[in-house]
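Presented below is the structure to which this report refers.
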Amino acid sequence: MKSHLKIESRQLNILFDSLKDLGYTIVGPTVREGSIVYDNIDSASGLPVGWTDEQSAAAYKLKRRGDNSYFGYNLSPYSWKRFLFPPRVKLFSAAKKGKSFKINSDSGNASVPIMSLPNYAFIGVRPCEIQAIKIQDKVFNNWQYIDTVYKNRKEKVFIVAVNCTQAGGTCFCVSMNSGPKADNGFDIALTEVIDKGGHYFIVEAGSEKGNELMSKIPHTVAGQSEIENANRLVQTTARQMNKSMDTKDIKELLYANLESRHWDDVATRCLTCANCTMVCPTCFCTTVEDVTDLTGENAERWKRWDSCFTMDFARVFGGNFRSSSRARYRQWMTHKLASWIDQFGTSGCVGCGRCITWCPVGIDITEEIEKIKEKGGKGEYFNHKDTKVTKEIKKD
Amino acid sequence: MKNTTIKVDYLARVEGEGSILIKIKGNEVTDVKFGIFEPPRFFEAFLRGRKYSEAPDITSRICGICPIAYQMSAVHAMEDAFGIKVTGQLRELRRLIYCGEWIESHGLHIYMLHAPDFLGFQDALQMAKGYPDIVKRGLQLKKTGNDIVNVVGGREIHPINVRVGGFYRVPTKKELNTLVDKLKWARDAALETVRWTAKLNFPEFEQDYEFVSLRHPNEYPFNEGRLVSSKGLDINVKEYENHFEEEHVSHSNALQSVHKERGEYFAGPLARFNLNFDKLSPIAQESAKEVGVLKGVCNPFKSIIVRSIETLYACDEALRIINQYEPPEKSYIDVIPSKGIGFGCTEAPRGILYHRYHIGDDGLIKDAKIVPPTSQNQRMIENDLRTFASSNINLPKNELTWKCEQTVRNYDPCISCATHLIKIDFEETKI
Amino acid sequence: MNSNVGIDSMFPLPAQIRKVVWETEDTFTLLLEPDNGGSDFHFSPGQFNMLYAFGIGESAISISSDPSNKDNIAHTIHRVGSVTSVFSQLEKGDVIGLRGPFGNGWPVEKAKGKDVCIVTGGIGLAPLRPVLYSIFNNRKEYGKIFLLYGARSPLDLLYRVELEKWGKMKDVTVQVIVDRCDTSWKGHIGVVTKLFSYIKLNTANTIAMICGPEIMMKFTIQELSQRGVPPEQIYISMERNMKCGIGLCGHCQCGPKFVCKDGPVFALPQISQFLEKKEI
Amino acid sequence: MKIKKPKVAVFKLASCDGCQLALLDAEDELLAVAGAVDIAYFPEASRRMLKGPYDVGIVEGSITTPDAHEYIREIRKMSQILIVIGACATAGGIQALRNWKDVKEFTSIVYATPEYISTLERSMPVSSFVHVDFELRGCPINKYQLIEVINALLNKRKPNISTHSVCIECKLKGNTCITVAHGIPCLGPVTQAGCGAICPSYKRGCYGCFGPMDSPNTVSLSKHFAESGQSKYDTMLMFRGFNAYAEVFRKESDAQEK
Amino acid sequence: MEKRDLSEIVRHHPFVNDLSEYHLNILISCVSNVRFAEGSYIFHEGEDATKFYLIREGKVALEIHSGEKGAIRVQTIGEGEVLGWSWIVSPYKWHYDACVIDNVRAFAFDGKCLRTKCEADHDFGYEMIKRFSQVLEQNLKAARYQVMDVYGR
């Protein structure tokens, strides 16, 4: 069993200083114009001290907590995806050379030497976000071809996880098995405790780097009751969660309901604006843009985030595989919750609830699953033949 | 010159679609028409029933060259109607964004629209072949103006950040500081521009104009002040319509504004300069003195120098505002719309721009009146054409034609602005 | 198998055009030689390359040449968009970019000892030509070969000389059908599935490979199934909007499959459930 | 090696001039553009007015007069490729607000030819009269998009002009959604990207100046506005703005009046 | 040829190979053996549709004539297929020209004879309708796919 350590809250700044000493650029939660975002911060005072956020479908609000907690909020609008998998990267630049062309060797983000990348330390990574990073590892860094932009960034990052001591209004990590406590995938993990005993953090180190860092920060070995306090907070958080998703046979459910009338119903509400995919910590689709200068002598290729909700996404010359918004929403949800499992051996959803909070019209993925189940369950749209085929595919 | 007609069907290097027609019989100019055939767009009509808060964005679409002017006149008129006064840093930011528009618009006019006339080029792109560095300097100067509008307003054309009561978001100090080095360069470039334009060849042409502009007790006017003229006018903006009226002439899709008693008048840089020379910053005044252009300049061809001096002033003023800038707590003053009438008049790059709105209980616009600078100068432009053509009647036709075009360009007329309305009694139109 | 793994998997390598062959009015074949010589370039029938027109963009193009011929890597291209239009204007000696080969291939190994029935339409013949070459290179290892090929009109037929040559080979049946024509055409007219009337399939021992527009593949599958070819013996090649070619950009999904990395060739049971549904 | 430079002409119809100004506002690129193409007709910038035909015609402004009808057909004939720029040319512009008003009365005062009245009642996009090869959206257009279109034409590629929602741009920038976080009504989810999501970046709601995105669900958004307490009149005004006559927005604003 | 032998040979044709002996015999009562040489026309548009054919060998192209474009071939019918359905659909006129493009051997069935038998024996009539409606459905489907121009884009 891992040993639990304890840091007093007033010593949190030493953690910042130690990370800086190790050459890290610190990114953490901070208040910017009415929301808690992940941005560069210098010290613990940059954290959203005493702030929390209230989240529900299509609503987000900052509020005062009435205490001095550093991590008393739930989740920022954006995940760490922005830093590990930036929204726009240059893949290469190239120049014409006679009839041929030459790729400039140091031209793109893909070929940026790993040494010159920023050394990020992420502070305040939630357990669901750790799960999301693990999922992106499987997407980008798990077969013959890898995303070097992601891989190089991921390799260097130092992760300070913070376990959740309250549940947000759109959280359902318990259903997705991704929180409210992180068991691994971090360098150190903190649980913030404020009680009669004071304001302190229970710390677990999850890597050699983590142990090394802890050796630089004044700490004590946590007492049993303190550990229990922390555990109790996490357990309460799990119980507080008022959203859930039944994931049993969810893949089979969705595969069996590809023609459910319910997709038409969602399509009347869905704006196909793509917000859900942008804020999702695991969505990974990209497109490329080729550009030239006016002379046509120099060219660049850029990669940027894309979304299965755009009309161009599945367009080929002469047609579009998914021109209806019904098909696009179905693609997103079925991919996230079902086909992802076939592709990467894990669900693509971590239960962070961002797609619910940030959908401008408040479409709630957990509710939609319930409705599909209800309608499918009636047998009206449930095609038993299809489920059989699904099982055959599994064997394949 | 015998009987001849000078005809320019499509006047180039002005914003919008205008034409010139001058008929000459023997040694006499018998007819002059500065025609505007730009199609009318009925802004006053469709402003009715729109929310007061939409006026700055909608009226900015009257003109893509000076959208800030429209936004500023609109917000001041609305605030006047609701009895609100925007002060402090918010007021300064409004001056700053206006500086941006002046620098951009003047830069465009000096280098791309007007200077080619003096140097005998069809356009600035051709001029760039002979004077590459000068054209590049002009572009860079203009760009600095755009940069200000961009940072404060969100984009160069039809900025999105201006609202009644202030701004949607105020810039951070850091954002404004990115402009400082550019502006310092621009201030030097503007000074060079003053010196360069002063060396151009100017036709002998001086007229006894009535200059009309705003005048503010403490500053060179952008947004506020009384309306004054070189012939003794001194009124509150609210009284504008008591003293000025618009007339419809058959050859133009735009209304011509005249002083009720004295007829045509002159608005724009030359008017501002002559009526507010004392309020220019020291560096601007010095540059004027250096090139010998002083208060009382009455040659409209020299407006290119005055525009340069105003550009220099705007750079200087922008730097002053940025230096002392502290972001205000709130980006706007709360606005509670109420029934009433509001007036606004600000100094567009081309001259005074007057707005008047009648607002209902519901905050909706009941009636709007807008008088853009080009409408105000239109009659004077015709006058200048007549005088100029009469006194240069012996020039070869091509040369006279070009010189007449240049005479119009002295005013930097913005025809898109001028044709925001036509003579229609909207009162009778069912909305 | 792939030399360009990792960092440069997104970098196109220059490849010189050795020859341009116009197959029809709007379809042409580029014979390419990669910069490093073709010697490293191995591919399986059915794989594709991402071809790059400098500054314009990329297009996923199947390789249409004989896998045993290392000198000329052929791509038969239908001129439809801006990238392929640029390709259509190129000449011998011009250089384009190449990434690949990507994707899996046709089951040429599994088909050994069996009859092979190839059903294609339009440009769909191109990715199957390497299969025919492979089979003819190892002719004894295969049974009867059927090639059923549909095209828009007689003028749109690809590889006409080869079609004729193949048709004369022993135990090879080539049947061609067109959608429309004038009276000079003496061949079949109608949809490609009609050609099944004229051949005799040993359904239990036949591997079917289909490539063409999705709708054509759908009715071909129906026909094959009706005739009793088991689904696991039917293979199809899918088309999607491929951007990266290496399973990272997400564009080419069809159900749980990434067409670029799990396909483009699929055994029918892998994909049939999704193929049946609209707009998957 | 270089082939003859393409002849480009810039034409103006009913508009504010802002979109053609965007070309002059591209200070850093202007001279390069002028080097790559022959700007043969551009009255706002030059006295030099070469006759057609032109390789590329760029049109700003909407059709509001009978003369403009004829003019645009002439322009079409003269231009091998016709690009229309800005909300006026692509959707009738802000002056299309007249399309809802009774202009019969005042048009008959102004123009004597009654058979033209019906056409004058409306401000219409160029594509209602002639075939258009490319429509560049925006009130005003984004100058970088204009350069991109010219660049793409010169280099024979497809312009990188996205037709998806403003939301994607907004999120790429890293903005926090102002609708969700601050309750500010925003047309971003139904509006085409291209402006750089400036309004949300300045904490105000998008007012739709790039027109409808490629698959806008205005009905759902309006419903959400209503549920958030916005009046039908205010929602009507939002859709009836700078792209009021773009079909989807027009239908939605009409629906709000029912 | 003996009836017995004829029924054996006709039964080989896929169109009727699952027909009951009884119905096959009715059919055969109206049959004749025919040959057409390449280049000849079996029937022309507008003529009375007096027959249908089961093709045993060879190939027939259906043509439509349009003034300026000349003959357009829309479908071919070959071995194992059936040519002609107009005999069963009022007003019993051919809609195409049938041009032989490969020497044809076929069974011809007399339409008028069959129609009388269909009226007399509705079971037989229903059997015919079932088979010919399938031919019509396939033709319709094929025509639709061809119109879609799936390879053309």
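Letters are used for the chains, namely A, B, C, D and E, taken in the order the chains are written, and counting of residues starts over at 1 for each.
In this text, a residue touches a chain if its C-beta (ideal position, glycine included) is under 8 Å from a C-beta of that chain, and two chains touch if they have at least 3 such contacts.
These numbers come from a predicted model, not from an experiment.
**Student:** Work out which chains are contact partners of both chain A and chain E.
**Tutor:** A chain counts here if it touches both chain A and chain E, which gives C.
**Student:** By number of C-beta pairs in contact, which two chains lead?
**Tutor:** B-D
**Student:** Chain with the smallest distance from its CA centroid to the overall CA centroid?
**Tutor:** D
**Student:** For chain B versus chain E, what separation do you get between their C-alpha means, in angstrom?
**Tutor:** 84
**Student:** Could you state the distance in Å from the CA-based centre of chain A to that of chain B?
**Tutor:** Chain A and chain B have C-alpha centres separated by 52 Å.
**Student:** Where the CA atoms of chain C average out and where those of chain D average out, how many Å apart are those spots?
**Tutor:** 43
**Student:** Taking each chain's centre as the mean position of its Cα atoms, how many Å separate chain B from chain C?
**Tutor:** 65
**Student:** Which positions in chain A are in touch with at least two other chains?
**Tutor:** Correct list: 290-292, 296, 317-318.
**Student:** Could you check chain C for residues that touch two or more other chains and list them?
**Tutor:** 55-57, 80-81
**Student:** I need the residues of chain B touching at least two other chains; which ones are they?
**Tutor:** Counting only residues that touch two or more other chains, chain B contributes none.
**Student:** Give the list of chain B residues in touch with chain D in this complex.
**Tutor:** For this pair, the touching residues of chain B are 10-17, 38-43, 45-46, 50-51, 54, 57-58, 61-65, 67, 104, 108, 112-113, 116, 122-126, 128, 135-136, 139-140, 142-143, 146, 154-158, 160-161, 163, 167-169, 331, 402, 405, 414, 416, 422, 424, 426, 428-431.
**Student:** Quick check on the complex: what are the chain D residues that touch chain C?
**Tutor:** Going by the criterion above, the answer is residues 155-158.
**Student:** Which bits of chain A are touching chain C when the two form their complex?
**Tutor:** Where chain A meets chain C, its residues are 91-92, 94, 96, 99-103, 108, 110-111, 139-140, 143-148, 255, 258-259, 284-288, 290-292, 296, 298-299, 301, 303, 306, 308, 313-318, 321-324, 326-327, 331, 335, 338-339, 341-343, 386, 389-390, 392-393, 396.
**Student:** Which residues of chain D touch chain B in the complex?
**Tutor:** Counting only chain D, the residues touching chain B are 12-19, 21-22, 24-25, 27-28, 30-31, 34, 39, 42-49, 64-65, 68, 93-95, 97-98, 101-103, 105-106, 109-110, 123, 139-140, 142-143, 195-196, 198-199, 201-204, 207, 209, 234, 237, 241-242.
**Student:** Flag every residue of chain D that touches chain A in the complex, lowest number first.
**Tutor:** Residues in contact with chain A: 29, 32-33, 35-36, 147-148, 150-151, 154-155, 157, 160, 162-165, 167-168, 171-172, 174, 176-177, 179-183, 186, 188-190, 203, 213-217, 219-221, 223-224.
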